[in-house]
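Note that the chains are named A, B, C and D in the order they appear, and that numbering of residues resets to 1 at the start of each chain.
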Amino acid sequence: MSKRIQQAMADLVLANHILSNEGVLDAFGHVSVRNPDNPDHFFLSRSLSPQWVQEQDIMEFDFDGDEVSATGFSPYKERILHAKIYAARPDVQAVCHHHAASLIPFSTTGVEVRPICHIGGMFYEGVPVYDDYDVSDGMLIVNPREGERIARTLGNKRGMLLRGHGAIVVGEDIRRTVMASIYLAKNAEIQYRALQLGTPRYLSYEEGRAAAETMFSENPLERAWTYWRQRAWAARGEADSSRVPV
Amino acid sequence: MSKRIQQAMADLVLANHILSNEGVLDAFGHVSVRNPDNPDHFFLSRSLSPQWVQEQDIMEFDFDGDEVSATGFSPYKERILHAKIYAARPDVQAVCHHHAASLIPFSTTGVEVRPICHIGGMFYEGVPVYDDYDVSDGMLIVNPREGERIARTLGNKRGMLLRGHGAIVVGEDIRRTVMASIYLAKNAEIQYRALQLGTPRYLSYEEGRAAAETMFSENPLERAWTYWRQRAWAARGEADSSRVPV
Amino acid sequence: MSKRIQQAMADLVLANHILSNEGVLDAFGHVSVRNPDNPDHFFLSRSLSPQWVQEQDIMEFDFDGDEVSATGFSPYKERILHAKIYAARPDVQAVCHHHAASLIPFSTTGVEVRPICHIGGMFYEGVPVYDDYDVSDGMLIVNPREGERIARTLGNKRGMLLRGHGAIVVGEDIRRTVMASIYLAKNAEIQYRALQLGTPRYLSYEEGRAAAETMFSENPLERAWTYWRQRAWAARGEADSSRVPV
Amino acid sequence: MSKRIQQAMADLVLANHILSNEGVLDAFGHVSVRNPDNPDHFFLSRSLSPQWVQEQDIMEFDFDGDEVSATGFSPYKERILHAKIYAARPDVQAVCHHHAASLIPFSTTGVEVRPICHIGGMFYEGVPVYDDYDVSDGMLIVNPREGERIARTLGNKRGMLLRGHGAIVVGEDIRRTVMASIYLAKNAEIQYRALQLGTPRYLSYEEGRAAAETMFSENPLERAWTYWRQRAWAARGEADSSRVPV
């Protein structure tokens, strides 16, 4: 295993734990990373609640969603969603699919999720909504055609909603994908409240773009990642949350 | 005790702990299971807050709500509600009665609880509301006639609300009943927010049916059950929530 | 110290811990009990956040709010509120004053808190709102005339709100006062949501009265008290919340 | 180091931990204190999530935001905001900048945050909203001119909002600044709900002024500070939250 793969694996395990601990993932939902040594493959845990994912649970898949490793584990049924996004978006290195409760009301009402504060700025290009299900599949994304439709709806955006189901967030690496996943849910929470109060003034395209650049720059990204990591570790009894992390 | 009864007992104890830990039950509410060896009887804890229920607390009742075991424990007053549902619904193997806060606003306003996301799809046949109380009983279901009215209101549905009081969820086994109890409350939470945002697009009958089939299939059911179980055990100091369960 | 006083003291300490742990009290708020051996006096902690109150912190006061014990401790400034209610209401044996966040919006908008579910039924006689402050006292109830006005506003009711400040709940003993304090806040939470959904059907006077009788009967009262007690103890590391309490 | 500086340092560290533990700060946000021995300088942590700040992380700055200590640490980019407020407001001894979620909806909708309960009374002079960003800076306050505009918007007030970003709270010492930061967020939470219920009656100017005087008097201030301190320490495993603090 190359050093880059080792790092990707470690980050992927941690991403699973962070997203669980911050309430973005629960029993369900999953996060994957492209194989840094082979862009035609990606890594994703076997079918398991994210908070228990460890390195030995990680499988490798191709763009048909077929396993190319030889674990024999039972995979997530929705892996095709990851596969088709990696196929369509060479710029994307990580994909998260989740069901954060604050986003679903937007997905069903035609009210667009829009950046309302600087942490949501990274979605300045919009958040499309998918509503083109194969009804018989119970709103799961399990066949290649549906995966391709998902990827087409996502287009070149950073995130999208699935009507009555959840969200997909993608990014240029795992850390930015984790941050964007957490902040999309938080932005929706704040937007919901603002809409109850009146007519919000959203971030302009330019404000959003600048805010995204800021949040995704090394210092805030590293600070947030460390913060979430220590919280996840502390919740697992693997760190003392009161001490400065080193 | 047959092996099937042993399993039912163990599942019932765990269902009590899971539903408490997930906030569906608190000091009050109860969950029961039909006797797998004698369909005319069911098991239900003595009068006790669910998070402390252990096997030795479980009593056995008939469809009149009379104890057929010989514990001499003080039973839940509302056991008649379970009794009359088991009598009316041979397909039902488990019953949960709870007071989840997200559901009560729907029960008092004439706004129907409807599937708004895939986890709520299992209620695609509708959630009737009971409002036919014997006023003098303080909204508790404690007499046989009221129990029968409850069962009639439930009809062939998976769940129902009791105006200003709570909900009843039934199922083909304990695990599906636990899942449906948790997801009915969660669906209501999301539906509430969607209704504040605009006019939700609910799941169609067919979408709901397919989503129910998916969620109730072995893999998701087992995954959710394990997830909730580990969380309940961890909260009780009986498991290490960071380790992959075996 | 008589046995009855010992019991009152122990219950008062526990009431402080329960109400803190359930989020009804925080740094502020207080709960008192009438002296069971001398109805002209009442017990109330020295000025201290309720979660730390122990027996040695309890002072004794008369209806002028003057200390009749000899602790020399610094008392709560708002003790006059307790004093004047005990003076006006011989039926009241315990008083709680708190600032639960779910109640304050009702206190400032003219929307009456009304029983919307069976646990709120105990307020079937209504919840008056006090808005007759001595402006210079910063909305604290610290002078005898204001204490008397409070008692007059309460009348023969079980609870009242103070505009932009909080609530007062009284009862025939400590346990019922604790239960009513927790349930008034919970009822308001549910009522708030119901009002966002539509026009709630509240409990009728008769339904409320019957529900109050039920909730205040020995079995539910004891069950809830034990439940809250074990939770409070567990939060303090003084009990194992997973074991059946004895 | 003078005794006054030692005290300021210790209070600053504790303020970081309290504000994190109460949910006002998270990975981001910061709190500073003026140098009590040199009013032209102020103390602020190096760039670090507040819950890990210790004395050795604290840097000293002048009103240009330049470090006057010699730590060589990487500072918070937004320190200029603190610098320009200290320059403009000689009465201010502490500054907190945070992103509490309850405040942001107000910042984007033109709905003014107003005192709705006694703990919010301290903002009786109003809470202005800043919306005059250098768009290219991604809504961060990082250049001196923007810092000056912020200080001008704040004027002689105790707090302000930044549109789509967060809040700034100032005070005559660290403890009052911590209390005001927590209570501004809490007031907004309650105001939000009141606005959903109807037309709130806010505190009058005089009521607010009197309530501020009360909350900021020694007894409540000390009580709240001790309460938050013990909670923060308990969350860090540094105190037993069930024991009376000494």
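Odds and ends about this structure:
Following the convention adopted for this analysis, a contact is a pair of C-beta atoms (placed from the backbone, for glycine too) under 8 Å apart; a residue touches a chain by one contact, two chains touch by 3 or more.
The structure displayed is predicted, hence computed values, not measured ones.
Judged by shared residue numbers over all numbers used at their interface, chain A and chain D contact each other through mostly different positions, with under half in common.
The most distant chain from chain C is A, comparing centres defined as mean Cα coordinates.
Taking the mean of the C-alpha atoms as each chain's centre, chain A and chain B sit 32 Å apart. Chain geometry summary: the mean Cα position of chain B and that of chain D are 46 Å apart. Contact of a single residue of chain C with at least two other chains is seen at positions 196. Under the stated contact rule, the graph of chain-to-chain touches is a ring, a single cycle where every chain has exactly two partners. Pairs of chains meeting the touch criterion: A-B, A-D, B-C, C-D.
Taken in their complex, chain B has these residues touching chain C: 26-28, 47-49, 51-52, 54, 57, 74, 77, 99, 101-102, 104-106, 108-111, 131, 133, 135-140, 163-166, 192, 195-196, 235-238. Across the interface of their complex, chain C is touched by residues 115-119, 121, 186, 189-190, 193-194, 196-204, 206-207, 210-215, 219-220, 223-224, 226-228, 230, 240-245 of chain D.
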